[in-house]
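Let me begin by handing over the structure; questions about it come next.
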Amino acid sequence: MRTDGRNNRELRPVHIQPHYIKHAEGSVLIEIGDTRVICTATVEDKVPPFMRGGGKGWITAEYGMLPRATEQRNAREASKGKVSGRTMEIQRLIGRALRSVVELEQLGERTVWIDCDVIQADGGTRTASITGAYVALVLALSKLVAEGKLESLPVRDFLAATSVGIDPEHGVILDLNYSEDARAKVDMNVVMTGAGQFVEIQGTGEEASFSRAELEELLETAQLGIEQLITIQRRVLGEQAALIGEKVEQEGKSE
Amino acid sequence: MRTDGRNNRELRPVHIQPHYIKHAEGSVLIEIGDTRVICTATVEDKVPPFMRGGGKGWITAEYGMLPRATEQRNAREASKGKVSGRTMEIQRLIGRALRSVVELEQLGERTVWIDCDVIQADGGTRTASITGAYVALVLALSKLVAEGKLESLPVRDFLAATSVGIDPEHGVILDLNYSEDARAKVDMNVVMTGAGQFVEIQGTGEEASFSRAELEELLETAQLGIEQLITIQRRVLGEQAALIGEKVEQEGKSE
Amino acid sequence: MRTDGRNNRELRPVHIQPHYIKHAEGSVLIEIGDTRVICTATVEDKVPPFMRGGGKGWITAEYGMLPRATEQRNAREASKGKVSGRTMEIQRLIGRALRSVVELEQLGERTVWIDCDVIQADGGTRTASITGAYVALVLALSKLVAEGKLESLPVRDFLAATSVGIDPEHGVILDLNYSEDARAKVDMNVVMTGAGQFVEIQGTGEEASFSRAELEELLETAQLGIEQLITIQRRVLGEQAALIGEKVEQEGKSE
Amino acid sequence: MRTDGRNNRELRPVHIQPHYIKHAEGSVLIEIGDTRVICTATVEDKVPPFMRGGGKGWITAEYGMLPRATEQRNAREASKGKVSGRTMEIQRLIGRALRSVVELEQLGERTVWIDCDVIQADGGTRTASITGAYVALVLALSKLVAEGKLESLPVRDFLAATSVGIDPEHGVILDLNYSEDARAKVDMNVVMTGAGQFVEIQGTGEEASFSRAELEELLETAQLGIEQLITIQRRVLGEQAALIGEKVEQEGKSE
Amino acid sequence: MRTDGRNNRELRPVHIQPHYIKHAEGSVLIEIGDTRVICTATVEDKVPPFMRGGGKGWITAEYGMLPRATEQRNAREASKGKVSGRTMEIQRLIGRALRSVVELEQLGERTVWIDCDVIQADGGTRTASITGAYVALVLALSKLVAEGKLESLPVRDFLAATSVGIDPEHGVILDLNYSEDARAKVDMNVVMTGAGQFVEIQGTGEEASFSRAELEELLETAQLGIEQLITIQRRVLGEQAALIGEKVEQEGKSE
Amino acid sequence: MRTDGRNNRELRPVHIQPHYIKHAEGSVLIEIGDTRVICTATVEDKVPPFMRGGGKGWITAEYGMLPRATEQRNAREASKGKVSGRTMEIQRLIGRALRSVVELEQLGERTVWIDCDVIQADGGTRTASITGAYVALVLALSKLVAEGKLESLPVRDFLAATSVGIDPEHGVILDLNYSEDARAKVDMNVVMTGAGQFVEIQGTGEEASFSRAELEELLETAQLGIEQLITIQRRVLGEQAALIGEKVEQEGKSE
């Protein structure tokens, strides 16, 4: 048993509260154990200069952490005057992941700005951000449909992410909290769709390496976790989830 | 009656939730109407270089706003690579206000970092920050006392802040929400102690001016609001409030 | 008597030299005691993006200090690559104050850039900047009238600023020099119009507070100083002052 | 057959020229097809502040691209005043990968700075950087051994990297050039050791996703490429390679 | 005899390799002794905002050094987030020098971006940059002629640069390497045309000065070196050189 | 005759007002025609890190321009967040020039910070800065002697600078004002000592070149101007000038 009493393939308690921020087109507060992230989706009626005139939309993400989200206070990136490499890596990952399940042509020349701000951190903030941001994004796009700006929801599939790792004592474990993450010899973030396809795999052995067999086990464990996360997303999204579910099924049949 | 049904001298509903962030030495979520701010206090066992060796402590504040705290998304200051003049002004104000009620000699060579992060904005974010940060600060200092690092609470008095303004239709009003703030011809932020002393007055006529009589009414209205805010702080702080209350009384007698 | 021989309600010697910089549309060198500031006003035939098409003008200010204006050399903000919070606060104050007495609609889509550069500092640089910048601004606007670009001077009233404070020994004093400012327990900057209206009050107790009675005395003392400063501005402005004076009187009657 | 005549599992011509820069402790020019990268390794006799006193060494990497390394000129990051997210991501990847095969305790409190500068780019610059930097690093560490500063080479294993992807026409392909990379629906960078262990897997479906079966094929193809790259590294390193080879074998037996 | 066996008026071996970078419109690798610089010329079909509509072209230069081009590793300017004064000085010099021999009207509203990147440094990097960049520039402009975008080569004359200095032991010397440069009491960079005209003279006595007679000798020595460099440029440029040579001659006759 | 009535070899009126800024150890206001520069010298009792322990002093310079010193307002470098290449070039030139006439060993481990701030610009600001800064520097060093911190004035010689140029109409001219500078085909700044030695020559043909004969005439003209500037410096410095004069003479005899 792990330090917080979970077994190796068990997620921490997950809670997603929709419509958390009144101003945003879509927003959630996602809590996974002690990790808490506010995700908002903002719709802007233009695209970045390099995409103008192409008729396609864009999704871009920014990620931040409150200074005291962590055990030790972290200097504010605004005060330091620059965004760290870690932040940029996470921002790029979130944007890329979300774009993989959205019909950008159908979105039209609009940008959706995703903001993920970590209020409290206890490991897995980037995967919680993706899982929460997906819901905020669907809420914002549904609002465009409700307002008649889009004919139908331009979302191809569900999308969620989790972390897996190799613990020196417990072996392959799911959804690492901060102290588990700090001692893991291999750390992997996996993003998958509702149809069980991979969107992103980032596996790293910091001062270590891993075998093909270990990789297999990591991926299976991640898939288990992601399936549960998508079940929770579906519950939160209700009707919208039903629409997306139909699309995934039809897609499956037509292949 | 104002647009949200309040009378001129009425605060919006105020709620202060202590211990909101598990990692911080002191923290609250303060909600004043739709304005919500997370305030944390972090204790560091050293002071800035210019104060070393003087035996005195220091309190410094940083302020931020999530990009979608506002009706329109605001670009992230970390992404822009610099902190705006408005943010700096607010940070300086919060730090100065809190320092005015703390015995810095008694604090010893420690810095308390105050972080005020606006999760949702609807006017009055700087005064809500001061009111909330005061509670987070007292919680953090009480922890130092509980741990035996300080003999007694180095806090001289209570401290809270509110905004007042002159509305073109309603005249002098208390605790302006965003839409009231946008149309006010005069805007004033007032910081006061439990003993009814002024710590800071910042009154501004943007493209307008105000008379001595209007000033009197603004100050009286602010005082009314601040007294109510301090009542709420006392309730949240409980025992700690009692200790501070005794100090204020003794101070009053000895003068 | 104060260290420089003044009584509590006495200004330092004030001198305003107009047309100090040949290139600028309006300019002065203002000297208040040993504080010397060059103020220039530059007229630009467009407004910032957020104001375009609105038909209104804009006034914005920048403030700087030569590195050796102060007793100890201050690192150049250009070399540090960023503007300090103090500078930003002052810049915003100067701009806001000047905008309060100008008819921005009548100015049309023009920006007036105010630059206040402190050549030598001995306390009160921000209030000297406002007092000097007002004259530079009127000179620049008069030039627009003379050139036929404006029909009449779009200035509603006079405007000047001074500092007051509470000295531990002398009580409330007017126009603090640097050493007085350093030991004052309360420091207040006041901006007023020729009609005796307040435009800005910024009172601060650094590690101290002040009572309602003290506030009254501070404001009265400030008003005395500002009246004298406006008398000097009128003398320097001559004819232009007469035009503004008439406007203030008519305004007074029509109210 | 691919546009440049290769079959799906064929590398472009690879050439590694050691001792390319006379000042550096270790250096190579690595050419993989038209991609050319200068890799240098600099030994510094101290570690970053957060590691001091721990007795361990550190390896850190920086990556750059000459402005005209690419088809269109890219603005210089020095001129833009900041490093892009892409650059940071690559720098972090190179450093992490190299640290995974070095005995940092044995290195002692030294930092090895790896600089990878792309002179000409035609796809795969980050994997070429890792493959070349590994050789520069071994050359620099061998110099420390030759100078008697280290008793033996603190290198556990070989290390190389390559890219694989899914081409819409050809399926899974090895070592993508720029035009192949631009049209691939899935792109994966793989870093492996001489013993066939994974050090890093970064697989991304930009606006696409991939199945478990595709993942298997990608990994197998990558392994084929990496084995060839390590053969080339061994040839360039000669004697040093023999020493590392022995270590890998002994490690293998002892397991 | 100098430390590397040269006599006082002898250049180091010079080698210019044209077409070094496949993507650039013009490019060379120039080697002067151990100094190696990659120079590229990029043609862009527009000019900077301040020149638009004037019908004239522009040439601008950027200069960089790989971190390990020098004996000690230099921090990357991109990582430091700003370009040093030395770099800016060199960039401005290169651009100015090249503009002096190009018919900017004839070039039309195009910008040529010159990039000089020092791969390995051993003194004289700025003069090597000018000498190499001239060739890259002519190659790029010849390409415009070949493509029919220009009627004839808009180049008035040849252009090369070298350094001279006063060595405490040897007196006036040509083409200083790094160790000679470090001990020279006077250091001078000279840029000249094929017609023997001066384009730029920058002579500096760091903590020293020089007489009129010394100046004469420095200039003569520089001229000798520049003549040899132009001979090498002519050889590399072949046909293009013949065209420029004719122009210089005609110009000579017509004067 | 030139546009302002001067003949080709005539300086504009020169005025140097010493002790212009009360806080600085040495300061002047130098006026050359309409060009006005405040120069201050600040003594700091330490040297930059790279010089510590060497027993030598250092002189460094910073240069700035008020936004409205020029005909068109220039954006403030502090607001832009970076110093331009032009500013850096000038700063480096001023520092280098002053160091050439100071005995840095005799100065001891002190830094003299020179600040040159252009209040009004009409051409020749960098040469006026050098000429004025020399006087401010001698005043500051004399103060060190008067305070007993130095035994004697560590200044080897006088130092002044001027500009010369080739005007399309008038030929070689001395001390160019702004409009002359704008149309000159060759522009040269010359720094010389009282003994008539060159310290710095920077001659530039922007889109032009110049012959050996023209160079001779430029240098002779510059020397004439510098001799007059040094005469003015001597008058301003009085006694201090006498001490330096003796040193130059003795130096002359001993050679």
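Order as written gives the chain letters A, B, C, D, E and F; numbering starts at 1 within each chain.
Throughout what follows, a residue touches a chain if its C-beta (ideal position, glycine included) is under 8 Å from a C-beta of that chain, and two chains touch if they have at least 3 such contacts.
Protein identities per chain, from UniProt: A, B, C, D, E, F = Ribonuclease PH.
These numbers come from a predicted model, not from an experiment.
Student: Which chains contact both chain D (Ribonuclease PH) and chain F (Ribonuclease PH)?
Tutor: E
Student: Among C-F, A-B or B-C, whose interface repeats A-D's (more than half the contact pairs identical)?
Tutor: B-C
Student: Hey, how far is the Cα centre of chain B (Ribonuclease PH) from the one of chain D (Ribonuclease PH), in Å?
Tutor: Roughly 52 Å, centre to centre.
Student: Could you state the distance in Å from the CA-based centre of chain A (Ribonuclease PH) to that of chain F (Ribonuclease PH)?
Tutor: Distance between chain centres, rounded to whole Å: 61 Å.
Student: Taking each chain's centre as the mean position of its Cα atoms, how many Å separate chain D (Ribonuclease PH) from chain E (Ribonuclease PH)?
Tutor: Centre separation, chain D (Ribonuclease PH) to chain E (Ribonuclease PH): 35 Å.
Student: Name the residues of chain E (Ribonuclease PH) that each touch 2 or more other chains.
Tutor: Correct list: 81-83.
Student: From the touch relation defined up front, give the order of chains around the ring, starting at chain C (Ribonuclease PH) and going on to chain F (Ribonuclease PH).
Tutor: Order of chains in the ring, chain C (Ribonuclease PH) then chain F (Ribonuclease PH) onward: C, F, E, D, A, B.
Student: Going by the contact rule at the top, pick out the chain E (Ribonuclease PH) residues touching chain F (Ribonuclease PH) in the complex.
Tutor: So the residues of chain E (Ribonuclease PH) in touch with chain F (Ribonuclease PH) come to 82-86, 88-89, 91-92, 96, 99-100, 104, 188, 192-193, 195-212, 215, 219.
Student: Chain B (Ribonuclease PH) touches which residues of chain A (Ribonuclease PH) in the complex?
Tutor: Residues of chain A (Ribonuclease PH) touching chain B (Ribonuclease PH): 21-24, 27, 34, 38, 40, 42, 44, 62, 64, 66-71, 73, 76-83, 87, 113, 115, 117, 119-120.
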